[in-house]
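Quick one: structure below, then a few questions.
As written, the chain order gives the labels A, B, C and D, with residue 1 at the start of each chain.
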């Protein structure tokens, strides 16, 4: 992963996931606020989205683990080399471990949508754990590198642990649009920062960055704040576009609810009852 | 900014903003408690105040960024000097970044007052992010200075991150007068401490402070506590003055509610409904 | 304060305050649970206790500050010695600053009981700030001492900041008996640990402790845990004794409520209304 | 305790306790969700389980303390050796202190089940304190060891303090199945990690681990994440097995409620009333 592509790929995934979360929670919020008072069951449309999302997470994690293992200079599923008394390609194993937890999160998402007895919030908890594990591994990852390299990776931890804390809060504070958008914002920030790390450590063109210069570290710190501003702007734009699209669509179709709702099943009202007893 | 004025200007702004917040949330609290039971819509008077406040925030941020950029020894919108392979005046850029986020907070405040579909709490979230970014940049700012200089700036972080945490809590715990006054208190503390930094590092008269003496650090630590006490006293006095003024005014005018309320619009009751679904 | 007595006096105060808090919140809890359902107004008996408590806090703080200032080798209200260009007895000034905040907390307690418009929780907030300031000053106090001396004071910070966090939580989570007893427990722990510091640093008899020996630090760490256990035991015993005394008293008198309640004033029901709007 | 067995015994206890917590809170959740709406009183069956659990905790703690004291090379209840001016076997005393707090937690559990006046949450608070004390002692325990030894013990702290924080949250957020399972998960993680520490520091066969090699630390960090995944898997499997067993049992017996409920006593409804006033 020690090249530009190795940072661009996870960056793209996190960016996409952030946008997807923004889109999803905006649609859910529009739905909830357009309903009459009381507990609202989300239409089956959202459930199908959960299946697709979970499925893609599992697929991407599986591919990620396989690639890390069976790439040309990968460990090929060997963990310990007894001949040389050394561990084999621990970096690849660590990346695989990170992917594994995002895969687990995908499984929890599908299970959460499929089985109504599962308590609401399991999917957020697993995402929170996945981000915690990512940050946890990165934290020890960074040890003993050049100052700028260590600094730029430790700034990533702000986005990772921020997202983890935000997701964990979502387990307890349900259906709060601000919190959901905050989580999405942390994902977009993480994605764009992965790109920034790629540009700084493996510049596509131009001279290499001096990894020990203090001014470079000052710029990188400030640049992280600009990424925060850009992430907030991107989330705001996405929400606005989704909002106006839905409003125009619903005005032309007559009523958005009719377009999305099919039949509230008896089981989903049972789910709502479960949720209520969990929220107490 | 490395002079007394450079610390007095932001100090004055934070002091004013703290007093303004105290005034605003006291008036809102008086309004809420003087209403009959149930969800109360704030009168349009408060909405206009939000517009003015947001507008001033945007204006001050814009002026601040322009001054930092186009002051005589400023970067003049140049970020990287390719000839000398060095960054241009990063300190000015960092200050500009801080102002940018307070500007964003102003935009969010106006948008929050103008568009009723925006979830309540967006304005508090952006203020919290603005303070976080300020503290974040200061944290790395301080690195490698004289002991007293580093210490006096790190004490500032207590006020900055305290205000950030307090504002973030306000996103989730709405209309809590204690929390709102606590945030205002942190702003006043930050403002008065900026003045203190100016007095210590760039004394207007008398001898320079010894930046390495341990006793000076002990005094500065204690002095910060005195600033806390003074900030609490100032907030208490402001609240008392506002309270008694409103009570006398309302007694002479007959009823304060009549004085402030015009007509509760249909849209604002729609807003209250939105807020309720967010608060769940 | 660098002697046994200087640690025994604050220790005794904190022990007494802890027991007093335990007693008070047990009585309030008994009262609340013995009332019929709905918002209960505390009887005037508790309000009088608040006045006494606040008054004692203010008196003790005032005496403490005066003693620190005008003791034989005190600063006598002089802060800076211009002749020697040095600060005068900063340690005494720091202790005075700590007392000041406990005095402010006493004023807030009385004001909170006297004026019904004050939002509930102001008294807890000021206690939390007082403990935070105490811990804040101790934190920088400890710097550059012998290992055991620094360690034993930093353990005190666990009790101080624990109490501060617990009091701060009480601002938002009202009338939770467990939280109130936890705060009381932290005060008792702090008090008994002050005694322990006195015994270790200024032993009344026997040899001096070796301030650099690692085994001594290990013992002191373990000893802190024993103090936690003892504090929990003391709180439990106090609660039990109060509980059984009240129950026997109420059985012999007929009804405890009659014994304590006089007449619920119109104003206190107004207070309850205020509290409800704050708690939202 | 400096051998494999000394880590396997506490590991087994924590594993068993984690599984037991998972089993218990799954059964309680099934019970709560199968009841009609409103406050549900748990059947006496659960109360008996609390007695058994508390009794076992007390018994195990007592045995643990006795073994630590009176083992062949133990301190035999002597704390200070006046002849050599040294502390006697502080490590054994520290382990005994940890056991003591788990014993206190057992007493609180029994008292909580026996006396209805005790506020709900006391049992969780004592478990939280017990874990805090364990982590607190381990934190200073680790000081000055070989890098891998220190690292592997500091990873244990993640599980210990995580469990402590999770239990503390349970005091305030009652009957939340996700939080209860999270606590159980932290116990299982702690148990399995104790085994891992045993395997690494005192390998049963094969060569010793190099305690200074950086690759070993990287592997151990990653291995901790695998333990997290395994703990989550074990909790999920246990919950599933319990769930399906209960469902099949309840289908064959007719109704699960009838099988478990005997007679809701008048006193337990009084308890529910107490809980409600605490939760406010």
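Keep in mind that, in the parts below, a residue touches a chain if its C-beta (ideal position, glycine included) is under 8 Å from a C-beta of that chain, and two chains touch if they have at least 3 such contacts.
By chain, with names taken from UniProt: A, B, C, D = Transmembrane protein 45B.
Being a predicted model, the structure only gives us computed values, none of them experimental.
Undergrad: Select the chain at the greatest separation from chain A, using centres from the mean of Cα atoms.
TA: In terms of C-alpha centroids, the chain at the greatest distance from chain A is C.
Undergrad: How many angstrom lie between the centres of chain A and chain C, each centre taken as the mean Cα position?
TA: Taking the mean C-alpha position of each chain, the two centres sit 44 Å apart.
Undergrad: Could you please state the distance in Å, as a whole number, between where the Cα atoms of chain A are centred and where those of chain D are centred?
TA: 31
Undergrad: Where in chain D do residues touch two or more of the other chains?
TA: Nothing qualifies.
Undergrad: Touching pairs of chains, all of them, please.
TA: In this structure, the chains touch in these pairs: A-B, A-D, B-C, C-D.
Undergrad: In the complex of these two chains, what residues of chain C are touching chain B?
TA: Residues 85-87, 90, 93-94, 97, 100-101, 104, 117, 119, 121-122, 125-126, 129, 133, 136-137, 140, 144, 171-172, 273-274, 277-278, 280.
Undergrad: Report the residues of chain C in contact with chain D in the complex, numbered from low to high.
TA: The contact residues of chain C facing chain D are 29, 32-33, 37, 158, 173-178, 182, 207, 214-219, 221-222, 224-226, 228-229, 232, 243.
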